[in-house]
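The following pair of complexes shares a single chain, chain A, combined with chain B in the former and chain C in the latter.
And then the complex of A and B:
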């Protein structure tokens, strides 16, 4: 049936016949004007709020980043400095910038190549009917429900220099060879990453397990009949059909790494080896700090990096909803 | 490959038993590995629980890694509960989380309903705007948002006084900044993006014919949404409510930036303030962290199914 046909049997039956709306599938809705207004409000109110509080600030960050505004008074034409903030950042004029970029990338690499694969590995092991699989799953997923504040506190109990478990358990306190896990700028990032992984691994495991459950079991049986062992079955059969989930997992990992803020802030306010882009933004532009324009330039750089995973996620979602 | 392949290929006959017996050592290694990892995973939490029950005097004398000679008790919990005025911060959390979750579910289900049950030109685009907004790092929008909160006038109307708690309905400083209403607003808007995405994935699986025939029968869209489509989404709504409760309860960043005074902060971010001033030793820190973790742990125990469903709905069907 052609989509533009205006005559439909539904029209005559409907008591409040309004306009006909053709759907993509070629069916027709009879929506009264009232209904259409209600629908518009249902989408319009949340959309207005979303644009006002999420998208307007996003573009305003871009605008602020071209100024040297200090957060007081109005922005005048004298505040515009063009791309100076970016030049200053990229040329290394702000000594914390490149270390923060490096830390964000180490965070990303660690989660991508250590924590996420471990979560996938747990999921693959626990997806089979082995004894106690529910128990193991519950244990690995427990940290996922906890706040990062609580996670940070719990790991401070392990890593603290004189009172922490690790240094005491290995006798480093008694012998005076204390390792300052959270204070030494060469190792504290990795100590924090251990804490972050404690939560991330379980998160990835849960998502991957759900994906594995949706794999057609006959695929595995067929692979088995063809003589593939479990490792081959996973890498040659299961992993490829899991492509959509693999994308989601990679994207979620990337977004988590770019958002990283809480743990580093709780340990030492993101200083001394724990600088992250997210923390530099707030340190420069919020409350007593007055370099609003400068901090916004860092926000824009973080935004540009984030666009990669965001676009990947959206195109994946589009693909699924089209099929 | 060839040897194992040959074995499994002949497994249809009696050699299946042999094959299984040959796998035994692998099973033992597997379980040993899983038990080791499980112990490693549970240990940090176990250690926090153990520390929290130990009197500080005992640890000072015997060291942190030692058996409890002075006995275990709840003194650290008592000290933290009263000393840090914990009931007050729990109340703050409650005031922020409960209305936020209800509002998010309401707004998100409206969006999901209108975008999945009807075809119009921009329905996918609208969903993408919501989803992308939720994927942004919050720090990208925080600077303009902070200044927006500082410059938006909000009327102060009245407050709700319960004992020593005073909850202003709108604002007690005529701003959005440092107000319950402000922190709720950003939670609601930010998480509506996520919830709309997840709920629309769920609603897509509901046949449109239900809505279409209801419309032909003369029902209004609001009635269809409320009486027909939303009841069908009950499992997804329960999962989202559980997940959103945990997300907002666990929030640190928004409360840190958008609430200035300690007395409006929810428990999770208040905990960090107490780090310097109140926590004099690790045993007290442990008790504090665990008390703040009680509601999410209750979710873990009683609503595990809903929580996991919420996490996976957003990824596996999206």
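And then the complex of A and C:
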């Protein structure tokens, strides 16, 4: 706020902050009342939204998770079941829970070790100003603009047992050796992961490409002068410089795999090998079955798992901004 | 607005009701038996209607409940093209017949509609919604999410048989729905395929299996089967359990009075495993429509499904294909329960919501619509366009039925016990993708292995469900 130093004491409501102003109670504040109002609005509105949209749902989920509420009517004292929901989940009584956790981690591992490195690889290739860079960029990025629901439909058409492209292209339908890509619980998760990667690779590529463009070219020149080859230049020079982007990539990958939902839900509502935590939450609490309390318990567990990458991301982001 | 509404003088098409008398004067001088019954019904039920809290019906107890003109809304799960259009035409016809009532239809994908029904009914639903009878209807009625329509029912009940009357009653004895159609589950086949191979209709289990084996050597998929959606497999479970363990055991099992780890359930799974080798390859990745296409294209020999399979024949095949479609009842298993001839014959209904924000203003139109749905002429018109289910009204024009529908009506009427289908007879939190659908898919992935562990899981899951 641009202002001139004033000799006379600032009026309580003037925008001339910085003066010591006596309040009614005789205490002095560094800020004028106006400043305090501005600050209160600037802190208060986000805080209000934060509480309304983040903390309120979080605590209601926690609250619901201690009940067996079915989503209809009020919660009465009879609805409280204590930690029974958690006990039932963690003890494996709910047969879909541990498979879902496992699938979420397979999803995470696949994206981390297959899809994301592939995206980075494409980004590095496209960064080398090969002919048609822009064209390839668009091609790889195209799936990202599609919603995952559309991606799901597209890949259902590829994977369909008798009418699908893949089984027909390899002649499996004619010879009667049909592979049930989406119905076989041993392979359908990987079929879905291929579809998920189709989109994820382009997403990672664009983010990484943007990062690569911002790397100081003199660093590479220096590496070249020092006699480093391409691989050494990338891993010893470029990759470390990209540390903030790398964190973003890792966190985005983790979040993508924790919120994985759409594809599996489109394909078979997340059953028969495609169980995911997010789908269990949906199927329990906002489906016809209406086990809101039980579904909330799963949601709380997913929240706890999600806190890991979120905390990692925030601490990294704070560190970067401090340094 | 501006049109007459609830409590107005002009009540239904072509009739004038005299205020405070409950008498309707038919303008078209076509006072049928049903109209007289209706008038009687209104008179005697007026006090009752007021007691049920039928909206803001503060008018005197003898005012007619229906209204014409105005508007109303309808939430529909009829998202497939054939029934969707038929429903739109039905609505248009109602609009014309009811003084231009503006009906807004909100069509939602069938599966989505079902999955979101609880939040839908608690939020801001339409006035009327498409739904199912059985446990699924009673569940929402007992949760107070549906409006009782005893008055409408009393006006139309003479047009229904006893079985339908029972199917629309809630746990509290009030009526909550108007049944509009039903359909049996049976084994469908193509007449021309059977004729070409000289197959005969199997009447017992051994013949059925022998026919399957024969079809396999003839290069056919003996039994078309598809369970990507999760629910079709329940049809086979139902019929096997009904025929092996009887209607009483089945309904008790569906409602938790029998245990899932009962050896009788083991027997069902064992019996089922005798025909699973004859199923469509990769059935867990097929939709019911894709399996229907296998039957349509003469790749498969038989298909245990509901009568709605004919919709798929109509949608992707030709009228000639539809003419070849036929069915036979599920073969006898040689148990004492064969005599029950029990089968799944789900009834589809329309219900009135409770929390619709517009319902208080539209109640008259809504009730007029519910009455309209109960007419044989309405149901016949719908049937002619979308012949996947049989009309429920007594005065439906049966001469319009094709041979398949006539036969379907016949097989249901000869059944001594009728169930609604597993996911309509059991609690929704057990029957959905969380529970039964997943259990049956697990079983089908390896049908010959021991089911002890699976049945234990089923019982544990049932026991974990809260009170309803």
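What we mean here is this: the second predicted complex is superposed on the first by the 267 of 323 C-alpha atoms of A that agree within 3 Å, B and C clash if a C-alpha of one lies under 4 Å from a C-alpha of the other, contacts with A are read in each partner's own complex, and residues count from 1 in each chain.
The rule is simple: a residue touches a chain if its C-beta (ideal position, glycine included) is under 8 Å from a C-beta of that chain, and two chains touch if they have at least 3 such contacts.
Here the structure is a predicted model, which means the values were calculated and not measured.
In the superposition on chain A, A:268 makes contact with chain C only, while chain B stays out of contact range. Of the two partner chains, chain C is the only one that A:70 touches; chain B does not reach it. Within the superposed three-chain model, A:102 lies out of touch with both chain B and chain C [touch as defined at top]. Comparing chain B with chain C, more residues of chain A are touched by B.
By the touch criterion defined above, A:286 lies against chain B and chain C together after alignment on the C-alpha atoms of chain A. By the touch criterion defined above, A:176 lies against chain C but remains apart from chain B after alignment on the C-alpha atoms of chain A. Contacts of A:185 after superposition on the shared chain: chain C is touched, whereas chain B is not.
Once the two complexes are overlaid on the shared chain, A:141 sits against chain B while remaining clear of chain C.
When the two structures are aligned on the shared chain, A:160 is found in touch with chain B and with chain C.
In the overlay built on the shared chain, the residue A:221 is in contact with neither chain B nor chain C. Annotation: chain A residues 71, 160, 163, 286-287 touch chain B in one complex and chain C in the other. Contacts from chain A toward chain C in the complex involve residues 68, 70-73, 81, 88, 93-96, 159-163, 176, 178-185, 188, 267-272, 280, 283-284, 286-291, 293-294.
Interface of chain C with chain A (complex): residues 111, 114-119, 122, 143-145, 227-230, 281-286, 290, 294, 428-430, 432-435, 437-438, 441-442, 445, 457, 460-461, 464-468.
Chain A meets chain B in the complex at residues 10, 13-16, 21-25, 27, 29-32, 34-35, 38-39, 42-43, 45-47, 49-58, 60-61, 64, 71, 122, 125-126, 130-132, 135-136, 138-150, 153-158, 160, 163-165, 168-169, 173, 198, 202-203, 206-207, 210-211, 214, 224, 227-229, 232, 245, 248-249, 252, 255, 258-259, 261-262, 265-266, 277-278, 281-282, 285-287, 292, 295-296, 299-300, 302-303, 306, 309-310, 313-314, 316-318, 320-321. Interface of chain B with chain A (complex): residues 1, 4-6, 8-9, 27, 30-31, 33-34, 37-38, 41-42, 44-45, 47-48, 51, 63-65, 107-108, 110-111, 113-115, 118-120, 124, 126, 128-133, 135-148, 185-186, 188-190, 192-193, 196-197, 204, 208, 212, 215-216, 218, 220-222, 225, 246, 249-253, 256-257, 260, 268-269, 271-272, 275, 281-282, 285-286, 288-290, 292-293, 296-297, 299-300, 304, 307-308, 311-312, 315-318.
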